[in-house]
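Please read the structure below before turning to the comments.
To keep things simple, chains are lettered A, B, C and D as they appear, and every chain counts its residues starting from 1.
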Amino acid sequence: MDEIAAFLRQHDRFAAHNGITLVEMSAGRAVARMALQPYHQNGAGMAHGGAIFTLGDLALAAAANAHGTIAVGINVSIQYVKAAHTGTLTATARETSLGPRLATYTVDITDGEGDTVAIMQGMVYRKRDVLPVNNGQ
Amino acid sequence: MDEIAAFLRQHDRFAAHNGITLVEMSAGRAVARMALQPYHQNGAGMAHGGAIFTLGDLALAAAANAHGTIAVGINVSIQYVKAAHTGTLTATARETSLGPRLATYTVDITDGEGDTVAIMQGMVYRKRDVLPVNNGQ
Amino acid sequence: MDEIAAFLRQHDRFAAHNGITLVEMSAGRAVARMALQPYHQNGAGMAHGGAIFTLGDLALAAAANAHGTIAVGINVSIQYVKAAHTGTLTATARETSLGPRLATYTVDITDGEGDTVAIMQGMVYRKRDVLPVNNGQ
Amino acid sequence: MDEIAAFLRQHDRFAAHNGITLVEMSAGRAVARMALQPYHQNGAGMAHGGAIFTLGDLALAAAANAHGTIAVGINVSIQYVKAAHTGTLTATARETSLGPRLATYTVDITDGEGDTVAIMQGMVYRKRDVLPVNNGQ
């Protein structure tokens, strides 16, 4: 598990570029954080829908890939329920079903006050390929 | 319209931070582009789901805000249909319904070969507030 | 609350036509049931996606309308995770956010063995109109 | 194609129970209709969200199964944009992507005046099994 987390931390460049960090990760569960910066803002001065989505997507991907085989997102929906302006957002993903080829996840995204900012529901397609972690280096 | 486009170009910091540019914009329709860079990659070396979503979200927001009043995304779903590795992605948003409070959009995201990479369906809540664009400064 | 439940039971003809019953209802929460009959089947002999959706939609509507004002569904997504053939399906809806105009719900649909059959995520628009329930007749 | 359409018409009991008819069907495209009856109403006297969804779902299933192998819906989202009270609703499904295992569809549902009532976006998982049509009986 540590190896998979290290792999994701090292290789997910888009998450790194946007200040998103993976905090916890276990099979079917993951937590990610994003401390809001000016570059996360949309034209209205709030956290951009794409930034919030990306935070949640990283948590979802970590929860899904924590099983050790590659899982790719095929369908994700997001409900935005509260605007976020400052502070740190936390995304918690948990698995709601796990099949041989498909698995589903719910992601809750909360702000510093514990209020829900957005809720995501995602489905991944599970490949047979093992994650290319730990090649003896 | 030019003022609204200029406003979005200037103020959407998250889009700028991620190399996304607004190409076209008119009431209910917008086109945005993103030339894939190494920082757009996820752990598997493909364009990150969050990057693709953010590109589509900018086009959706532009199409919705082009009416001149503030529209905020409340619900968006995305289907990922083809992985993208290099080249430029284009998102084209078009309005599928426009009501006094709610409006809906479909966004097609294609790669350099014209193949569909992802399809989004979004709904916005239309506020009464006029966009704070530059009126005569 | 009893009046609202009675109103929904009496007036939701589509639910009645399809053998769906409202079991529990309180502000932001509701449970509905559907005992599978041959007429619920699709062409492949499983419970039809539309039947499962309708069951969940009734629970969602009851949870949303239990606040006493009319709430109409504007966006719902469903993930199908296990096929259902026989027995009774149960849908449990719970509110995940409640705003003045918008509210969101998650609905879990399980079969007789307690396995998840489908998961729904819905958003409603809350009107100012009070439900036309029986006031003292 | 005629055999597949005949199979769906004969075996989709839930569609038949709810007055839904398959009008057209070809690989990746299908049209279904539903003449609104009192039993389609929800508690507010409008066409039930579940009835509208079921109409669209039949069109989607027909478009997906028209390829001759079994396709099962795994994820569907619906946006409701106009209430429907009377008349006939028409659902038109078209394929937006077709892969070996996954395919996606958009369904437009319109009323008698040609106005959009709802828009659906769905994804199916394509099994290797051939539809059990026409076994020489």
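Here, a contact is a pair of C-beta atoms (placed from the backbone, for glycine too) under 8 Å apart; a residue touches a chain by one contact, two chains touch by 3 or more.
As the structure is a computational prediction, the values presented were derived from the model and not from experiment.
S.K.: Once the contact rule is applied, which chains count as partners of both subunit B and subunit D?
M.R.: Chains in contact with subunit B as well as subunit D: A, C.
S.K.: As a test of understanding: of all chains, whose mean C-alpha position lies farthest from that of subunit A?
M.R.: Result for the farthest chain: D.
S.K.: If you tally contacting C-beta pairs, which comes out ahead, C-D or B-C? Let me know.
M.R.: Most C-beta pairs in contact, of the two: C-D.
S.K.: Between subunit A and subunit C, what distance separates the C-alpha centroids? Give it in angstrom.
M.R.: 29
S.K.: Could you tell me the distance, in whole angstrom, between the mean C-alpha positions of subunit C and subunit D?
M.R.: So the centre of subunit C lies 21 Å away from the centre of subunit D.
S.K.: Could you please state the distance in Å, as a whole number, between where the Cα atoms of subunit B are centred and where those of subunit C are centred?
M.R.: Comparing mean C-alpha positions, subunit C is 33 Å from subunit B.
S.K.: Give the residues of subunit C touching no fewer than two other chains, as numbers and ranges.
M.R.: Touching at least two other chains: 74-75, 77, 79, 102, 123.
S.K.: Going by the contact rule set out above, which residues of subunit B touch subunit D in the complex?
M.R.: So the residues of subunit B in touch with subunit D come to 75, 77, 79, 81-82, 96-97, 99, 102, 104, 106, 116, 119, 121, 123.
S.K.: Help me check something: in the complex, which residues belonging to subunit C touch subunit D?
M.R.: Against subunit D, subunit C makes touches at 7-8, 11-18, 38-45, 48-51, 53-55, 57-58, 61, 65, 70, 72-80, 83.
S.K.: Please name which positions on subunit D make contact with subunit A in the complex.
M.R.: Residues in contact with subunit A: 74-75, 77, 101-102, 123, 125.
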